[in-house]
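I've put the structures underneath this note.
One chain, subunit A, appears in both complexes that follow, with subunit B as partner in the first and subunit C in the second.
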Partner chain A sequence: MHLLPLTALLPITAGALAPALFYRRPDACWWWALAAMLANLIAVSILWFELHTGTTIRYPLGGWPAPYGIELVFDGVAALMLVLAALSVAIMIASRRYINATIPKGRRSLAYALVLINLGGMNGFVAAADLFNLFVFMEIFSITAYALVALARGPVAALAALKYLLVGAVSSLLVLLAVALLYAQTGSLNMADIAARLAAADAPGASALALGCLVVGFLVKAAIFPLHFWLPDAHASAPSPVSALLSGLVVKMGVVGLVRTRILFVEADVVPVVLLDQLLVWLGAIAVLAGAVLALVQRELKLMLAYSTVANMGYIAVGLGLATSAAVGGALAHTVYHAVIKTGLFLTAGSILLCTGLSRVDDLRGLGQRMPLTCGALVLGLLAATGIPTTAGFVGKWQIAVGALEAGQPWVVGVILAGSLLTLSWAIRVINSLFFRPPARARVIIADEAPASLLIPSVVLALLAIAGGLGGAVLLELVEPLTTRIVGQPS
Partner chain B sequence: MVILFAVGLYIVLTKQNLLKKIIGLNIMETAVFGLIVTSGMVTGGSPPLLGQGLEPPYASPIAHALVLTGIVVALSVTALALVLILRVQSECGSIELDDLLEREE
Partner chain C sequence: MITELFDLRPIGAPLISALCAVGIMLLGHHSGWRIALSLAASALKFVVVWSMLPGALAGKVYFFSVGEILPGLEFAFRVDALGLFFGLVSSTLWVLTTIYAIAYMRGSHSLRRFFGFFALCVSTTQAIAFAENLLTLFIFYELLTICTYPLVVHSGTLEARRAGRRYLIYTLTGGAAILAGMILVYQATGSLSLSTPGLLEASIDERLLLLMFVLLISGFGVKAALMPLHAWLPTAMVAPTPFSALLHAVAVVKAGSFGLMRVIYNIFGVDLLATLGYHHVLAVIAAVTILVASLVALRQDVLKRRLAWSTISQLSYIVLAACLLTPLAALAAVIHIANQAFAKITLFFVAGAIEKTTGKKRISELDGIGRTMPWTMAAFTVACLSFMGVPLLAGFITKWYLSVGALAAGAPVYVGVMMASAILNAAYWLPVLYRAWFKPGEHPDAPPREAENLLLWPTLACAAYVIVLGVGAQAPAMPFALAQSAVSFAFGLEALTP
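Presenting the complex of A and B:
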């Protein structure tokens, strides 16, 4: 079956053709994009069922076997593709109205094209089995992400996109440098092959440098504190569906990169990864607190959500760094659930922004009476982000806390609790302002409930976010084989 | 290569002019490409082509393919960066980071 390369090729080809095909009728482009995304979802679902009936799917491109040829794998990491595909369909449904309202007609097909190419790049990234393809696909989704941020009008967006580009380009270069170092030592680009040959190369210094470059590069992509500074402006000033795409999905690629790096170096066993783990735990813990505090002092809803992403990436980093099976499982579960929660939150915030034109929390007072369903979805999403039991946010945080106790680092539990309480405090501020204050702005009083195309994705994602905790055991079981690969054999 | 990389990184981090930052980025990229090309070198190796007088050992051709791809990527990043700088210039009226930050306050 050729489904695996199709997941990367189909969206990229569809995206590349879109501006040419829909030059005269940019509005019809939405159907094209949606069709491509649905086809991608079907292909990924079939792959996913094959993964769960049989073993890992490997696809040598052009029939050249690994380690000489380029190989794509659909393993536990690549199963994240299902989340990407499903959420991108939701984003695409919601983005139609938003893009029609904010982007001039001639540039709409370009916007859809960028979203499609971005999705294809991410699909390729999670499935790449060799380092150089990892780099190329990373550049594909990064460059489209910079361009997507720049789609928004206004000086803030342009500067944010440029800042994002500069930081992103330096981090990509570090990854490329690491690829060069590993290639020079082993003469191979396939990750499994490098892992097998790295010990024979007997150059721990260069290996450690490569590890450092990879880690720093992916830490930037994952926006882990203190390398998060590009994120809030870029995510908050982008058009809302793009914010959902970036904050829900694109930052998760940094986590995927870290996971791949860790698997490679655990298998190679030349450089101890303990230092990396310690670094992740400390940076993650600081990120949890700093992200939550910074979210607390923001006034704009989308900036709050962007800083909350920083905090949540911190949780994931802590979970990966603790390196016990419970904590890593929790981090992976949180990666999936945070994607769902944050996509839903940004889509909801986007529809509020579109219907009222207001973005400050104080201006949105009393909106709960005018847009009960949208505001209700926002509240459900916020509660899930806080991590109240039975919501989706709870599973990951609980597992990470359990893992922290197993690893003998009980202070991490305190950090997790403090982060949740801080999140709760700004969530309550938003909820209070939406439902329990009299309206302060005329636009709130005349606002109407959001149209169905915006409402349905927000509500569905919010319900998923609130009920997700109930399916936590299933999800943890699904990520289990991957967890053991990341943790490695206890030595 | 290390010196070139360090020079590029220094420019990206310290220069306040956005255009100079992009130039620094390109210098860093050149350094990494140089490193990749030299890693493919084989002492006494011939070009990896079939023909008269060309015998094994061959130099590794993969490194060149990698660098070509890398150059394409670098080109597109630079192009996008230049367009964005134009937009910043037309919307904010300056490409000096100091000026831009002052105006925000």
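Presenting the complex of A and C:
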């Protein structure tokens, strides 16, 4: 079966060909992109079922076995691909109207191409078993992400893209440096191989430096406080489907990087990871509070959502850092569920923006009367983001809180609750504005319900977000093997 | 002897109201559909819930589990005696309130939203009553907060939005406290089940137990309007009257009281709490709430505000009774759920009917109203007398058992509190009755102008039930026997003989 490399190659090839193929008819490119996304979804689903019937799938590229050849692996981390594939289909369905309305005809095929290449890069990133390919695929999805932010015209977007590019480049360099350090010590790039050889290399200083570089690099990608500053502008000023892609999916790649790093160093057992854990807990806790407070003082809906991403990445970091099986399981569940929630929220915010042209929460007063389904989906998504029980957001927070008690750090429970209450307070402002205040703008009064292609993804994702908590036990069971690998055996 | 039976009704009852809410949201443009759906669902639920009564009296416990939602935590419903008692009250009152609301809300804006969330709110209350574990209870407790919010801010005015914000700040912070306490309990015991008479064990660190108690009690205490956590309640009176009635009688405040009883009887358990001694403090807080709220109620001129403060006072009867930890006082706590509900909803229905018919909101405007609206005011009189503790009415039963229970607990001071509260109740209800019946109105010779039938009948039905509860409490098919079996379960008694 050659499905595994296909998940990376198919979207990238389809994306690379798109501008040339659809030079004359850029609008038809949407069908091409959607077809590629669906093919990708099918391939990933087959892989996923294989993973759950058998064992981990390993694919040596060109038949060269690891550690000499390049290897792709479909393990618990790579199972995130299914989430990527499914959500990107939703994003693609919603983006047609949006891209047609906001992006000039000549550049539409480019936009679809970038989204496809971005997806291929992410697929490759989660499946890469060696550090160098990890780096290469990281660059692929990062560079396309910068370009996607810059797709929105205007000074804010340009500056945000530039900021994103600069910070992203620095983080990529750090990761490259770490790759070089590890290669110098072990002569290998395969992660499992490095883990086995690192102890023999006997260079704790260099290993620690490599660990530090990897962690800082991925903290930037994951937008963990205080390295989050590039995120809000980039995510808020990008075209809405792109915001959904970035905030729902791309930012999760940082988490994947952290998880891969942690597994590598837990298996190598040369540098204690306790410091890393403590760092993650503290930064995550600050991120939860800071993100929620900063979201509270925003006036624009998309900026609120972007800061909420910062807070939610904080929850994930706390969960990973607590390093008990409950907390790590919670962090992984939250990674999946936050992807669902935030993709849905940004798509919904996008259709509001598209239908009314208004982005400030105060301008959206009374919109609930005119666009009840869209606004309803937004409310459900917001409730899920706050982590009201049985919504998708609750699972991760509950597990992380239980894990915090297990780890003997009860103050984390307080932080989690405070974060939820702060999130609720801005969510309520949005809900009040949409449903319980008279309209203040003419454009709200003449607004109509969003067209089906925007509405259906929003509503489906909102329902998933609100009912996701019921599947919490199932999801936690699915991530269980990965959790054990991340936590490692107590030594 | 308790036998557990797998049955669809425990989840069916909340689901009926939830589906009704969905139906109203989809089809509620037409008033015909809205009314038909509301009435049909409330009647159906009434039948479903009451059909569980004979089985429950025979010692059956109906059970339904949806499945695990978190490791070791099920999403499950279990109808035990205490839960069914609360469920009966809420499903019965839903029927009456629906009829009343259809008449009262005619011509208001956003009726689809109102009736949709109204049904959702009842659905969650029912689920709280039937929740098998604390997590399931908490899920619906939070959902209740969310579902009631649109009803509180229904009018959309600045005052309503302020009240709504205050309501949310109080209740959601309380919810966070419950969540924290719940995580501690889960961490300590590995379970959150409410099916045992006492989940926690004495071997747990005492400081931890104290923390759990404070978090859980203060969390549920917000909705039960324990002082000093009561401030949201009087402001939430801006909601439309049918909803205020339901809010004050069953939905929100009783969810808080019910949660407190679950914490006391099922999480801590009578024996553990008696050795820890935390209940003494809570009893004092409840007694203070009873008296202070009554004193504040004396000073209110707006009828609905006086009702609100009276609610705060009456709710603490339940808490006080539950804290005495004697079987008879516990019986008072359980039956006061029903007694307060029926009497208070009568008063709210009357306040709404007066406002709707004559436009009068203040007590000082009610001179001679008994002549113009004799039937309505008769219902009002019955409910007031019940609150004062006049024998043969529901309120007397509570006061009687509570006093006997207090004596059994060796705390005669609470008998004094009961007496003082009865006097205070008389002090703020008798003047209203005097004005209504004995003072001449502006037009003494004007013909009677009753409220319209759909407003009047539910009111009279509630008032009649207040009398039934007072006179026929011991009749065989009454839920009173259910309250007895709930108490004997909590105290581990074979049978309770009052």
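As a convention for this text, the second predicted complex is superposed on the first by the 491 of 491 C-alpha atoms of A that agree within 3 Å, B and C clash if a C-alpha of one lies under 4 Å from a C-alpha of the other, contacts with A are read in each partner's own complex, and residues count from 1 in each chain.
Here, a contact is a pair of C-beta atoms (placed from the backbone, for glycine too) under 8 Å apart; a residue touches a chain by one contact, two chains touch by 3 or more.
Quantities reported herein were computed from a predicted structural model and do not represent experimental measurements.
Student: Should A:Leu421 be classified as contacting the first partner (subunit B), the second (subunit C), both, or neither?
Tutor: The answer is second: A:Leu421 touches subunit C but not subunit B.
Student: Check the residue A:Leu176 against both partner chains and state whether it touches subunit B (first), subunit C (second), both, or neither.
Tutor: Only subunit B is touched by A:Leu176; subunit C is not.
Student: I'd like to know which partner A:Phe436 touches here: subunit B for first, subunit C for second, both or neither.
Tutor: Once the two structures are laid over each other on A, A:Phe436 reaches subunit C alone.
Student: For A:Gly469, using the defined touch cut-off, is the partner it touches subunit B, subunit C, both, or neither? Pick first, second, both or neither.
Tutor: second
Student: Touching A:Pro389, do we find subunit B (first), subunit C (second), both, or neither?
Tutor: A:Pro389: touches subunit C, not subunit B.
Student: So, A:Val402: does it touch subunit B (first), subunit C (second), both, or neither?
Tutor: second
Student: Which partner does A:Ala16 reach: the first (subunit B), the second (subunit C), both, or neither?
Tutor: Touch partners of A:Ala16: none, neither subunit B nor subunit C.
Student: Classify the contacts of A:Val413 with the two partner chains as first (subunit B alone), second (subunit C alone), both, or neither.
Tutor: second
Student: Return the residues of subunit A at which the contacts from subunit B and from subunit C coincide.
Tutor: No residue of subunit A touches both subunit B and subunit C.
Student: Which of the residues in subunit A come into contact with subunit C in the complex?
Tutor: Touching subunit C: residues 326, 383, 388-390, 395, 398-399, 401-402, 405-406, 413-414, 417, 420-421, 424, 428, 432, 435-438, 469-473, 476 of subunit A.
Student: Taking the complex as given, what residues does subunit B use to touch subunit A?
Tutor: Interface residues on subunit B, with respect to subunit A: 5, 9, 12, 18, 21-22, 25, 28-29, 32, 35-36, 39, 60, 62-63, 66, 69-70, 73, 76-77, 80-81, 84-85, 87-88, 91-92, 100.
Student: Which residues of subunit A touch subunit B in their complex?
Tutor: For this pair, the touching residues of subunit A are 132, 136, 139, 143, 146-147, 150, 154-155, 158-159, 161-162, 165-166, 169-170, 172-173, 176-177, 179-181, 183-184, 187, 189.
Student: Give every residue of subunit C touching subunit A within the complex, in rising order.
Tutor: 66-71, 73, 75, 135, 138-139, 142-143, 146, 150, 153, 156, 160-161, 164-165, 168, 172-173, 176, 179-180, 183-184, 186-187
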